[in-house]
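Naming follows writing order (A, B and C), and every chain is counted from residue 1.
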């Protein structure tokens, strides 16, 4: 696996080790921010893969919410193991993406974006209306157990955080590898010239379907993590349209240059949000909206493009 | 199904449809001309509601003559239409027309977030209730049920707006220029049409209509934070269903959604919230351009 | 001589407009055929139908003895029949090298192999050899969007020949290229194709190119074939003279040929 060890791999590995060490010293609320960053960053990672293919979804809260509610419902039927919940929640979300993908892969541009929005709002409507799922109040989520081991309070948070980081690392490395494979380069190819892809012997739609499934998987993963991070799931914070908007916000904020970008971008987003909420709660949306506009106007390739500039200046 | 239930669904549906139409038509007009799905439209609606509610409160508080509330509503909307046109179209969109369409939508989303906070800064968190115009018009009985005349008047207002737009587009010079720009922006420019002016004017009309929707509905609801967020996604759905950029589409789409929702509310409440999005998804699947897509020229 | 391509009674109509009718062609191994005709005569429609991009209204198409009717372009490409485009279809943001690397990546891998890294040392060698074959080495690391038209055409053809197709259909390979360069570029193309023993059909407006490179000419006019014969014979055919050559010669004299200096 010679292609495995590139700069991104080492960067991610260093990040992993650093975070695992920091985990022992972090204040609880910072761990909370970290978990939420991971949750959103994962969805943004999926959107990065789609964005490289030339597609944006305005409705990925669909998979995020699906994963989050899957976690809550698994707990309700008595399953409390972190690993089981994570795998089942992610897989369920991926399955949903697989099914919807047959339809979505035929759409492009704004229609793709809006069709995703429609489906996410259908989920929202269902969740908000069904009493059995808690309707607008939602469902509570307890801290999980780990292969039978029950933990309390901060110990549980530490293990949760560590595991979340490890799994995120694995997903990021895998995605990086994927993007450097032939199928990964197909993102560029489909975005640039579908006819050429077709005449080279590959189905553009099939390529899009695969990327859609990947985006669904990681978004579901993010949903599960968020459910544990916040301890609660409800339609407005998991499936409502502004949530999808926030994911796109992070994707554009971060840039699509590297798999680490959305993870870092999500952290930046989370920090801005928390500080804005803390010190200027009446204007936090003003700050968020303003930051997004600044990025769109002056840094269209996102925060990651700053690393390119830095490299260029050094050379 | 008994006749009374049918009557309720029909009337309720049409009232809701007119509310949807008033909100959606501005959005679709702006999309038709500028090809922008403008998320800030939700703010136009909300600001319209707030300003109208506040002005109505002041007006009736000062005990000015009756029925003046309606004038207030229209004036508030007109004022906001002009302000937003300069703020959003000239202040933001002008710099983004050449960018990817998703980015433009995202930029309007960012502006919407900012406007949400500004709205709270201006009018606070507490609900505004401005029921006077509602009370002034009294009630009517249809099929042994009581309806507010005010709500019924919304149906009339929608038809007036629809007719006004139709007349403006098809019978006036301004309207013809608009149609030309919708058809082909570059070609219109080459023929000497001042596209910049058309863009600004269209935006003013669209923003005015959005604000009017909010202003007219204000007496019937509790005006509070969050109404913009709720409305914009409904408007998106109606616009998609009817065809992005089509005014008759917005009308038909609004009626379809209005009746469907009313039927849901009265017969199967569990599906009320998502029936509109189910229709939206269905239309996108079978006819992505919507029921009444406007003329799309095939170049080359 | 076994037929590589057999087209029988092919027809295409769009509502009332008949774009092609009564198309019957048999192409033998390693033939080099020129397809001529005025604009709108049905030549590109023919190529679109044979390569699966557009379904015919009726008729049959057989490649190497097997019917390919109803297949997608990607499947037909995999069987060994492909085409190039009037406007070169390449990945504009990528370099020549990267364009071809991806082409080879798709051609060489299938199924789960598509998860293996695209850039390997082996592949670099293969791609560079291919770049040599088309003599575009000096443009190797230039973005496709910056390439001169002639080089972009060569890239388009290079991408189409990655799979070593049995039959290649070229749509106006020299259109948009200056007179001085036309022969040079055609020499490169035809040599590369001869190396692989490829059967070639190409659409051309420039009769000098047709006369120089093809042994057989098929002439289209208003959706029908008006002549199918050896080059010399076809050029003397009265119908060809009236409906094709006359027009083309007139076009050449009047407009100075495709905007050259």
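The rule is short, and it goes like this: contacts are C-beta pairs under 8 Å (C-beta built on N, C-alpha and C of every residue); 3 or more make two chains touch, one makes a residue touch a chain.
For clarity, every value in this text was computed on a predicted model and none was experimentally measured.
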Exercise. Could you split the other chains into touching-connected groups, assuming chain A is not there?
Key: B | C
Quiz item: Among the chains, which has its CA centre at the largest distance from chain A's?
Solution: C
Quiz item: Which chain lies at the heart of the structure, taking centres as C-alpha averages?
Solution: A
Exercise. Could you tell me which two chains share the largest number of C-beta contact pairs?
Key: A-B
Quiz item: Measuring from the mean C-alpha position of chain A to the mean C-alpha position of chain C, what distance in angstrom results?
Solution: 44
Self-check item: Computed distance of Cα centres, chain C from chain B, in Å
Solution: 52
Quiz prompt | Distance from the mean Cα position of chain B to that of chain A, given in whole angstrom | solution = 33
Practice problem: Spell out the residues on chain B that touch chain A in their complex, using ranges where they run on. | Solution: 37, 92, 95-96, 99, 101-103, 105-107, 109-114, 116-118, 120-121, 229, 233, 236-237, 240, 269-275, 277-278, 280-281, 284-285, 288
Self-check item: chain A residues touching chain C - in the complex, by the definition given at the top
Solution: 2-3, 177-178, 180-186, 188-189, 192-193, 195-203
Practice problem: Would you mind writing out the residues of chain C in touch with chain A in their complex? | Solution: 51, 72-74, 77-78, 82-83, 85, 89-94, 102-103, 105-107, 109, 113-119, 159-160, 162-163
Practice problem: Please give the residue numbers of chain A that touch chain B in the complex, ascending. | Solution: 56, 58, 103, 107, 109-111, 113-115, 117-119, 121-126, 128-130, 241-242, 245, 248-249, 252, 282-286, 288-290, 292-293, 296-297, 300
